Every structure is written in C-alpha cells, then in structure tokens.
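You will see chain A twice below: alongside chain B first, and alongside chain C after that.
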Partner chain A sequence: MVDIEIEIDGNVVHGHSGESIISIADREGIDIPRFCYHKKLSVAANCRMCLVDVEGNPKPQPACSTPASAGMRVHTNNEKAKASQKAVMEFLLINHPLDCPICDQGGECELQDVAMEYGSDVSKFNEGKRIVADKGIGALIQTDMTRCIHCTRCVRFGAEVAGIVEMGATGRGEELKIEPFLSEGIQSELSGNMIDVCPVGALTSKPFRYEVRSWQMSSVQSVARHDLVGSNVFTQTHKGKVKRVVARDNESVNETWISDRDRFSYEGLANENRALTPKIKVKGEWQEVSWETALEAAISGIKKNSAEAFGALASKNATLEELYLLQKLTRELGSENLDTRLDVANPSSASALETTISLTGLEAVDHALIINSYLRLEQPMINHRIRKATLQGAKVSTVNAKAFDFNYRVASSVLSAPQNTVVTLSGVLKVLLESNSQALPDYLKGTKVNQAQIDIANALSAAENGVVVLGEQVSSNPCADQVAKLVEQIAKASNAKTLNASATGNTLSAEKVSFKPNGGLNAKQMFDADLNAFVLLDVYPAFDCVDSAAAIENLSRDDAFVVALNSFEDASVLSFADVILPLASFYETSGTHINIENVAQSYSASVKAAGDSKPGWKVLKVLADLLELPGFDYTDSSQVADDALSLSPSLAATEVDIIAMEVPNIATVWQYTPYASDVLTRHSQSLQQTQIGQVSEATVSEATAKILELSQGDCYKGVPVNINETVAEGCVFVHTNQARQR
Partner chain B sequence: MIKKVKKLVKDFGLSEIRAGMKITAKQLVTDKITVQFPEERTPISPRFRGLHALRRYPNGEERCIACKLCEAVCPANAITIESEMRDDGTRRTTQYDIDLFKCIFCGFCEEACPVDAIVETHIFDYAFESREGSIIDKEGLLAIGDENEKAIGQARAEDSKYR
Partner chain C sequence: MISEQAKQQIDTWVAKYPAGYQSSAVMEALKIVQAENDGSLTSELIQAVADYLEMPVISAHEVATFYENYNHKPVGKHVIRFCHNISCMLNGADDLISYLETKTGVKTGEVSEDGLVSVKKVECLGACVGAPMFQIGDQYYENLTPQKIDEILDGLQ
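Take a look at the complex of A and B:
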C-alpha cells in the first residue's frame, strides 16, 4: 500500500496503488456513473457505464477495474468519456422497458438517474424489445426480469455475501437471463439485500409492491431489535404507517446489509391482530374501556396483593427503557420476582458468559468453534462476519445437536445431544489443558477423550485468533451454566475470544438493568409459586415459555391477577389476563437497544402507535405514578435511558460445579424458525410464507425414534417427525413455527 | 382669432356627434359579437384547461395506472391518490381525488401523465352546492371522462400536430 497521487478532472487526489479509480473518485466526491460496481461486491466490469478517459490509453477504461497508478491523468467528462457514456447508456436502454410509471423503483432508480444525466433523449432503436418471462422467487422479492440490465450484482451478492448461489446468468448475448437455478425460490436469510443492490426495478420488495411511490415516503433512522446486532435501518413511512424498511450503512454494526427478519418484520405492524384498545375482564367477559378505567383496574388489582406475591415478566425484545421502568416498579413495590428468561429450561443455571469480541473482530478470526447454534438463522449478521472470516481462510468447527446447513464449510463437526454437551466440551478442555501442560481440575480427571474432541482442541489451540460462540439452543439445556463455564475455560485455555449468543433480542438491556431476580423468584419458580399478581410486558406464554402449558395453567388460576401489556391480541393471553393494556410495537416507540458489543443505540419512534396503544415506557411510568411509587418523574424516554445506562450491573461471579446433571435420557431441543422468534415476525405474513418461515419438523435419528416409538410422519409435541441421521442420538431437534406443546 | 372661428364651426356643426353617430351607424349594419351564454358559446382553444376528467381506453379499461406523477407535479397539492395491486396484477388507484378549490388549472397533471389519463376538459361552467362538492372523486372524474370522451379526443387530435 503506497500512497500515490493521480489527477482526476484536473484535481490532484490521493489513493493507494492498486486501488481502483472509481473508489478514489467516490472518496473524493467525483461522480462516475456505474451499475455493476458495488463497494461491497467483487468487480465485474460488465456494465461498462463507468468508462473514463485515461491519458495515454487509446480507448476509454472502466474506472471500476482499472487500478490507479502514480501520475495517472483521468478525465471523467471530456468528449471521449462523454461519448462512451452516452453510447453505453443507449445500449443499456435498448432492451429496458419504458414502464417507469408502474415500476416500484421509479424515483429511486439508478438507471433513471444516470439516463437523465448521461443518456440521449432519442433512441435510434426501432427493433423489437426483449421480453423475459418471470419465474417467481418467493414471497419476499418481486421479479420483473424484462427490466434487468445484467449488472449481476444480485448474482455476486448471492455468491459472495449470502453464500448461497441461487441466482445465475444463463444464455449468451440477447438470450442472457438472470434467473434462479431452482424453482422453489430464494432461500437465503439475507435475500432482501438483493432488492437494495439491484440498480433497476428487476428485483423489488414484494410486500411493498404498488403501495406508495418512493418520493412519497419519509425516512426515519431506526434500529432493528430482533437480534443481538441491532442493525441500523431506515423506516420509510407514509401517512403514519411504516411502508418499508431498508438498510442504513453502519460499518461497525451491519455494514450495508440487514437480514430479512429486520427488513420485512414491519409488515406485522398492520396485522389485524394488533391490540388497539384497553380492555378489562368483567365477570369473564372482555370490555373495551378507556385508559383511565383500565389503569384503575390494573392498580387496584396489584394493590390488593402483597409485594411478595407480585411478579413481572418481560419479553427479551422490550426496549431498555421499558425493562428499566418495569424493573424499578417491581423493586419499588418491594418484590424481587422479575425475569425475561422465559424460554430457558433452567433459569437458575442460565448461561452467564461474557462476550469479548467485537463484530469487526469476528472478521479477523482464524478459527471459530460454534456450540449449540444454528448461527446462520439465529444471528444472520454475526454469521455473516464469520463467513467473511472463512473467506479469508478461517476454519469453523461445531458442536451441535444437528448438522446444520451453514453457508460456509464446516471443517469438523461433533453431533452432541444436550445431555452430552458437558461431556463433549470437557473432553475438548482436557485436551487443551494437557497440551498446555496445565493441571487438570478434578472434574476432568475421569473424562475420556475421542478423536473429534482432539481435532477441535488442536484446531483451537493452533489458532491465533480463535473465537468460541455459544448459541441459543443451550437454553434448552438444564446444565446451561456448566456449558457456559466450560466455554469460558476452553476459551481461556486456547487464548480464544468468546461470543455469547445464547439469548437474543435486547437481552443485554435486561442484563444492564438487572432484570433478573436478586434473591427473588425466577421465571420458572414464579410459575411454580402461585403468585397472585403479574405484570406481563409483551409476553405470549404459548410461544415464549419453555413449559407453556404449565405457565398458562398457573396464570389462569382464579386468584392470579394478570395485567398484560400486549402489542398483539393472543388467544391464550385473553384467556388468563384480567387487564390488557395495548402496547406500541417496534418502530412505534422510542427506545434503546444494547447490542453484542455493549453499544447502546437509541432511536425515536418512526410512526405514531397504532390505534389507542401507547409506548411501553409511558404506560409503565403512569402505572408507577398511580401506584404512588417515588422516582418516576420522567417526561421523555431519553431521561429513562440516561438513568438506565448509568447503572452498572453487579456481575457477581457465581461458582459453577461441573457435574453431569441428571437429564432425561432423550432431550428435546426446541428452536423457533427465525420468523417465529418474536411476536412481530410471527405476524408478518410474507416472512411466514418463506421457506425458512414454513419449516416445522422434529428431526430424530432412527435409533432414538425407535425408543420414542415414532415413525416418519408422526407428530412429536405437535410437530411432524422427520427421521434421518443428521441429528445426534438421544435427542429430538424441533425446528418449528408453531407454539410449544407438551 | 382663426382658432376661435374653427372651434365655433366645430361646435355648432355638431361634428363630434356626427363622428359618434357614424360609428353607431356602422355597428348597426355589421355582425354582432355578443353571444347568448349559455345558449351560445365562444369558440375555445383545444388547449383550454377546464374541469378535469379521467379517460378510458376504447375497450372500457381505465387508463390511470396510479403512477402518481400528477400528484407529485401538482403545485397546489390538489390531487390525492391511493393505489393497490388489482387482482389481475396491474397497478390501479383505489382513490383519486381532486380538490377544485386548491387546483389552479395549470395543466401540469395533464403534461405529466404518461398514459393521457388525467385531462382538463373544456368544461368551465360548473358550480358546487356544498363545501365538500369541490372534491371530485375517481367515479366522478371517470364519469366526466365518459361523458365528454368525444370532445376530449377531438381536442387532443387537433393539438397533436403542435406537440
């Protein structure tokens, strides 16, 4: 990397040798038209739009693929350059239909913009235009391939970023078509980004089709809170409704991409199932009432019961402000019964593991060990960073209950049922400690080691920048704390970093405000303890609770008074709740998300809350005021956030004994599809129609199926059984979009 | 002295009255330009911009494709459009309102329209009986178009050679 000086249009600019002319020009703010060049994709140089005149070259050169060299003199708008730009533009427009008025890209189309600036106003082309038949590519992307100008950005995106080659160019010349290879449509969890990279209207958003024109919307900066990354987005709104969500560049968080979950979940906001009015239950009948009446009913019910019998449960996707206020309300009432860990099999031993790596740091790892995680679907943006590392030669090994379909090669994988994970990891730790010639702790002395464990351990210790990732599926494991402890030890012994992705959403905010019992009852204990008053913050037990039937049964007791702050109507909540307070959903409330790097990202409300619903922080503040609790003098959510962020949670190091706990012989790992992971995505119809969203199967090996007396096509806990050998012995892996059943 | 004599002759010779009567007499025998509105109407340029209409194709299909360019170009924000995907997959309006109190009859909507759907007709004598009457909706605009299609088409044909 040598600094060089070149001249573009008479301006002396600096760049590195080998850097392309277009990237220097972009940095310097010199405009060069382009279609196929994209800063995050490889250079194809097939659109020829960026031709510039380089002195000394007889022909114009493409700026995207011509490396700059010292002393180069480039002209982007002399006669030669202009003539070639005009000629290329004319060729591109030969087959492009003039349907801009009905094209959803109209108004934000790169072809339109460039044609305005560089094109000619008349066409010499009198022959017939090419027409390409459309093949549907799924519920998220609308294709209109007649408009395609063959820039191949979508093809390169699939191959280079999504890691699933689904689109390709077939045929030559006039017959060249960009089309999907398979008829069942696009399967990537990042597919929506193809819409963003497409410079024309060939790929557009299907849920957004024909809704409004691009110039009618206003863009609001926001943050998606479906996962641990907190991808930066623009919500585009029209007449108080979110019409579209697009990616906002933030190199350190989500680069230029966002996952489909972040992009299309907004559709749920307009779902007919939204909770829109406050309701109270009078003699078993629901009545729509005013906010005053509903709040009165809520506080009188809470006041009737003692503080010890009060419990608060919150969704992992709640904002920092909501979690802080509910935590404060509960503690001011004198109760310590509060939790967000509803889906954790054993909250008292939930995994406590610190994340010690940054998102950009993940790109530099040379070995990643992924434990209990289908990372590609759980945390698409984190997985994308690891994929980038694998492109640089990093190796990945996994310890999972099932052989998952990653979008990179997995060098070695160990299938391990939850009950064996502690043993498997102990073996890895033993090899590592032995190779470091460190003393073995007692619990490792009897551990037997097999070849797979040795391979993983050797790969980890050979790595200079290793990372151990602990995923969501560990929450099904009753010994999650032991797994987390072993992960920490393994990372320590191999000098690797750790990444805790075991709880998603805004979990780190819950962590920040200590939304967990300090001496009180955790989620599981609360349902065992027959409490008398509950406040539920956007909790839907049928989906969210690990033992949903028991939770609903407990909440349905006659002496249990339940105040539910809900953004959506839900049959089970209606059956047990006594007061329903409608809650503003994602993008309707201001809030803060804390991501995996512990970066707090605040955002304002993009639209007004639907119907009569109100932002959670306001509802909780008023509830606290009506309960006459001190310290709730907030007028703005940013004041709440300031208070919440000034807290420093006490990380009391708990001692964990590694002993293989008693677990059932056959364990169940229950994982929702990424589009059933929270209430908003569950109500987004387009996401539900995708292949990822429609998965519902309980995978089990043949031997285990025999023990459970299951055969192909049976139902296990309401989920169709699929018998194959991709899953570890002794466990059933359930991947589904359906609510939990016993 | 001579001036005085000239004036006396002019005054007593009733020359001013005679000049006036000459014009009157001339007008008595020339064609009248007064028109008996509304029975009679003055000719109108094909480019005249009066009341709006939405046109249809000869097969009865509405022309408007809900591109919203008229809405975007309207300097008075007089046009409101909502669109949807119709069952046959085409883009159509569900609402097309023009507020005639806001409209300044500049004709930009007509210029912007890629399918000649919104046009300004030669109708200028209309009245509302209520405040809300100033807003014509899609049905109203299509009805005006259906009623006057012949005249609209003729005006466009006449003007086409100058475009």
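Take a look at the complex of A and C:
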C-alpha cells in the first residue's frame, strides 16, 4: 500500500493507492451521500448516489467504486456533482412511498436525510408508484418492501457476513424485488443487523414497530452480557423503558454487528413475569412485604444457620459487582460454598482452560478445531470471526456429538459421544506427539488411532496459526476436566492457540473473583450435603441446574432456608424459596462484563429498575451490612468494580489425571437454544418465535434409539425424539427451549 | 425430483466449469429441469436444482425469475412467445397480440383450456428484421399478419 495524496473539495488528503474515494472522504469527515456503500460490505455501486466529479473524467464517478490515485482532484459539491446527485435522488424517490410519518425509520432514515439535502421539494413523477407485496420474514424483522430502494445491503450482508444467503434480488427491471425464497423466516442468528444496514424503512425491527419515534428516545451506551464477547450496544429508552437495542461500533469487540440475542432480548424486561416486589413465605403463603421486612427475614434465616451450612449459587450472567459482593459476603460469613457452574455435569476445582487468542486474532487463524460446540449459536460473534478466517482460506475441523449446521464449510468432522471424546482427543494428541518425536505420557501408550484423528492432527500441525476452541457442550461431559486438559495438550503440541468457550455469559467475572469453592463445596456437592441456607442470585434451577429435579427437591427441604434474588418470577423458585428479593435485570443495573479477551467493560444503568426491584450490588451490600460484615462501605458500583478488578484469582490449579472415568454407556448432551440460554432471553417473545428459538428435539441415531427403546415422535426427557444419523452413536443430543427434565 | 437423465445432462454442463464453480451451470440446469417438467418450474424444482448444484436456493431463484425463458406457471404444449419490443411494436405487435388472444381465447400469461397453447409476451428475440414476430418452440415465425397467424395456429397439434 502506497500513501498517496489526493484533493477532495480543495483539501489535500491522504489515502492508500487503490482505496476508494468514499473511504478516504469518510476518514477525513467529508460527507458524500450513499445508500448501497457500507464499510463492512463489498462494493456494489448500484445506487449511484455517491457520484462525484473527478477532474479529467467526462462523466461523474461513483465514489465507492472509484479507486483513488495520486494527484486525483475530486469535487463532491460542485455543480456537476450536485446535478448528478440530485438526478439520482429524483430517480430513487420515484417509487418510494414517502410515508415517512408512519414509517419507523423516520427520523433516522438515510433516504430521508439525503433527500432533505439533495432532493427536490416537488416531484415531476405523476405516474402510479410501484407497490410490492410483503412476504413476511419472521418474528424479528418487519418488512415494508415498497420502501425498498434496491441497495442490496441486506443481500450482501447475508452472503458476506451472516454466511447464509437468504435475501435475494428476484425479477428484473420494474419487477425487481428484494425478498427471501420462502416466507418461512430468516434463519441467521445475526439477522437483526439487516435492520441496521437497511438505509430506508424497508427492514425495521418488528418488536419495536410503532412503539415510539426515534427522536423521542435517549441512547445509553451499554454492554450485552449474554455471551463471552460483551458486544457493545446502545440501549434506546423512552419514559424509563428500553425500547430498542442497536449495535455500537467497537472494532475489537463486535465490529459493527450484534447477534439477534443481544438485539432482541430486551423485550423480556417488559415481560409480565418480572419479579417486582419483595416477598416472604409465611406458613406456606407468599406475602408481599417491604424491603426492610424482606431483608430482615433474609438475615434472620441466614443467621440461624452455621457458616458451613451456607451456600451461594449465582447465574453466569450476573455482573462482576454482584459476583464479587456475593462471594465476599459468603467468605466473610466463613463459608467457601460458592458456585456458578450449575449446568456442569462434574464441576471440579481444576483450573480452567486458558484463552490465549484475541477476537481479532481469530481472523488470522489458518486452522480451527472446534470441540463440543455449536459455535454459531453459542457464541455468534466468535463464530463470525472464525468465518472471516475461513473466507481467507482457513480450514475448520470439528469434534462434536452432532453434525451441526455451520455457516462455513467444515473440512473434516468427527462425531464423538461425550464418553468417547477423551479417547478421540487422546488419539489426536498421540499423533501430534509422535510426529514431534516427543515422549508419550503413560495414558497415551495404549491409545489406538484412526484415520480421522490423524487427519485432524495433521491439519493442526500443518497450520501456522491454529486455534482449538472448546465449547459449551463439554459441560454435559463428566470428563470435562480431562477434555480441557487434552485440549491444552493438543494446542501445546501443535503450537496452536486456545479459546475456552465452555461457559458463557459473564463467566470470566466469576473466574476473576474466584466465585468457586476454594476448599468448600461446589454446586453439586452443596445439594448432596443438604445445606441449610442458600442465597441464589438470579438462579432458576429448573433451567439452570444439570439435575434440575434433584436440585429443586433438595432446595424444597423443610430445613433449607432459601433467599432468592430473582429478576423473574418462576414457579419452581416460588415453590421452594423463603424470601424473594426482586432483582434489577440487564440494562437496569450498572455493572461490568469481562469478555473472552479479559477486557472489563463497565456500563451504567440504562433505565431504572422495574417495579420495586433493586440492582443486585445494592441488595447484596445492604444484606452484608445487616449481617454486620466488615468491608462493604460502598456507595457506588464503580468502587465495587475497582475492588473486584484488583483481585488476582487465588485458586491453585489442581492436577488432572487423564484416566478412563466411569461414564454411562449412553450419554445425554443437553443444549439450550441460544434464546433459552438465560432468563432474559427466555422471556423475550419475539426471540422465542424465531426458527432458532423454537427448536426442541432430541436427536438420536437409529442404533442408539433401539437400545433406549425410543421411536420417532416419542419423548426423551420431555423433548420429542428425532431419529437420524447426524448424531454420534451412544448419545442423545437434546437441543431445546424446554426446562430440563429427568 | 430431478431424473437421472436430467442429472447426466446437467453434469455435462457442470464439467465445463472449474471444480467448485458448479453453480455456474444453473441456467442450463434450470432449462433442463423445466424441459422435463412440461415447460415450467416450481419452488420445489428450483430448490432441487439449487441442492444439486450446492448453491443457495435464493440465488437459483434470482436466476429463474430474471430470465423470461423460465416459466413459473404451467404452460401449454406450445408456448407462443410474442415479442413486444420496439421493432415489433412499431410494426403492429400489440394489435397482433390482441388478435392472437381473441383467436385462441387465451390471454397473455394463460393457457388454453385444452392445454395446447399458451401466450407469453417476451423481450426482443433479435429478429427485428422480420418484425413483428413470435417464437414457438425453437422456431421463429416472422413478418406476421393475421392470416399468417391463422395458418400457424391451424398447424399446431
């Protein structure tokens, strides 16, 4: 790239040879109108709005597709440029309905803005305007295709970013329409970004439809805490309610995109099932009480029991501040019974696999090995970075219980049931170590190796920038520690980086503040030990606990006192809890999210907490004060965050022995749909109505089904059975939006 | 949905393009599949072609709706493809289309009750020298007059 000098409107500016005029102008703050050009999409040059006058060219040139060359003199607002821009504007407005007063895009519409500047106030067009019938494309995106100006940004977004080509330009000339093939609904987990890229009101947010005019809202900078990325967002609020969430640019985190989960989960905030008032259970009956009474009841119940019998369980989506205060409270009480790993089959104190790659670093990998993960749905923005790498030629291989539908080509895949994953990975490690002529540890000596394992090992060792990704589904595996250890060894032997996506949400904040038992009991052991007092921080055992029935049963004991800090009311929590303290949900509290790169992103509350609910950090601080515990003199959540961030995790790593563990012959891999992954998304109706959100099936191979005596349409743990051969022998893959059943 | 024979035909077109570019054969593939399905395509057939060529179905649909040669509604045994572009129009195509419609009792875009003919207006077929003209099957009929149309129609079986 050569630095060149060009002149735009008399200003001398710098660019790289081959860079488009519009991209230089954007950097320099020189405004050129455009519709089809988008900095993250390929250049189409079909709207012609960015025509500029380039000296020496008889005709005006589109600034988006004209590469700059040294000494070029460009005029964006001389007579020739203005005349062309005005002419193009006139053409674009011929078929546009000009229904701005009833259009949700009104006030934030690129067409409206540009028409103000370049349009004429009188139209010469007296003929009938074109009308396009709407097909309807699902629960998230509202279409009004009569407003479409055929810029094809949504089409290019699908092909280039989402990786699923769903929208297309059908017909031609006057008949040209932007539409999907069928009206079944858009399937991409990133589809909401089409709303952001649409320069007109053709694609708008369906849940937001007719809610409020865009200029009546205030935008608050916030962070979405559904996944490990912590995408940057603006929450747009009106009269104390979050009305919409849109992407906020942050090149190193989420670029300009956010997942649908981050975009539409806010809908849950207004759900009628929110916990809004403090409640205590008196003789089996719930009574709504004041905060004072509820807190009084909470501390007297906690004080009655010894510290050893006290346990704290927290949601992985809690804020850093909440997790810090709850662990501090628990430890000050003298208990080490702490855990967030409720969905893990075998929580242990082994040190977690470290992530050694950055998000932008993922784009530069040449091989990615994805283990136990449907990454596209689990971590959409991480998957997006890997997809970008595949566009540059990176190869992807997977070791999964099921053949998942990725939005890139998977070069080689091994189907492996959880109980076989240790063996599969051991084989890969063995090949790697042998090819490095390294000594084999004892546990690999007897390992047999097959061709698939050799292929994966060879691909990894041939890669210069490899990465091994460990996903969420490993939590269903009783041998999760061994798998994590093997991943670490495989990465080491192949000089690859690692990415630990095995727990989602704000789980790295839990790591940061050691929200794990250091010598105490983990989640599973707490239930086994029949503790007498629990504090649950936004925990819903029916969904969150790996053995939900056992957890609920244990919490329902007469001698178990349960204080539940809940943002939503939940039937099972009501059945066993003794005190309910209503908790401010996402965007209603200030907080901090630590993402996969260990970057702490703090945000302030976007709106006041609903009803009488209160931010968790305040509730926990007051609880600690009432329990007369020292060191809780906080007046602001940022002080809590400062204390939390100054900690360094103190857990000593324990050695993991890779030995054959006793595992069932037939294992269950349980995965929630991305829209059932936390309590807020579960209460967002629109997300539940999407194709991704409605999935509920237990996939099993024919041979395994025979052993389990299942046939098509039966229910397995309450989930309809689907028999096909996309799944590994010896396991049932449950993908569902339903609560766990036995 | 696609017969073995049609697949073989499609494969000969796929072979003309570099490996991995099989979707380049989409136009011919749609043509072949349309020919073996009484001259029209359905959503299912477009889906089948897209699946066979491993391409997004919407991309096949874009091609199928862009070109006049693909029919999306059932057509008659003989499709009369009447040019109505400028040369033919100046030479009286519009009147002749009306004549054809009255004579056959079939409106443009529709099929006769006996399924024998359907009429379709198409863009320039490159035979301006013989305007006005239409095409039936692979045959061009040029310098049309009402009498000539009568003779041609009588000859259709």
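The working rule: the second predicted complex is superposed on the first by the 738 of 742 C-alpha atoms of A that agree within 3 Å, B and C clash if a C-alpha of one lies under 4 Å from a C-alpha of the other, contacts with A are read in each partner's own complex, and residues count from 1 in each chain.
Simple rule for what comes next: contacts are C-beta pairs under 8 Å (C-beta built on N, C-alpha and C of every residue); 3 or more make two chains touch, one makes a residue touch a chain.
The shown structure was predicted, so the numbers you read here are calculated from the model rather than taken from an experiment.
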| item | value |
| --- | --- |
| Clash or fit (per the criteria above) of chain B with chain C on chain A | fit |
| Which of chain B and chain C A:M167 touches, first, second, both or neither | second |
| Chain A-centred angle between chain C and chain B, computed on Cα centres after superposition, in steps of 10 ° | 80 |
| Partner chain(s) touched by A:F181 [first = chain B, second = chain C, both, neither] | second |
| Partner chain(s) touched by A:I102 [first = chain B, second = chain C, both, neither] | first |
| Which of chain B and chain C A:Y210 touches, first, second, both or neither | first |
| Overlay on chain A, chain C to chain B nearest C-alpha distance, Å | 29 |
| Where chain A meets both chain C and chain B, residue numbers | none |
| Chain B contact footprint on chain A (complex, rising order) | 100-102, 106, 209-213, 215-216 |
| Chain A residues within the chain C interface of the complex | 159, 164-172, 175, 180-182 |
| Residues of chain B defined as touching chain A within the complex | 65-69, 72, 83-85, 90-91, 114-115 |
| Touching residues on chain C, where the partner in the complex is chain A | 43, 46-47, 56-59, 61-62, 65-66 |
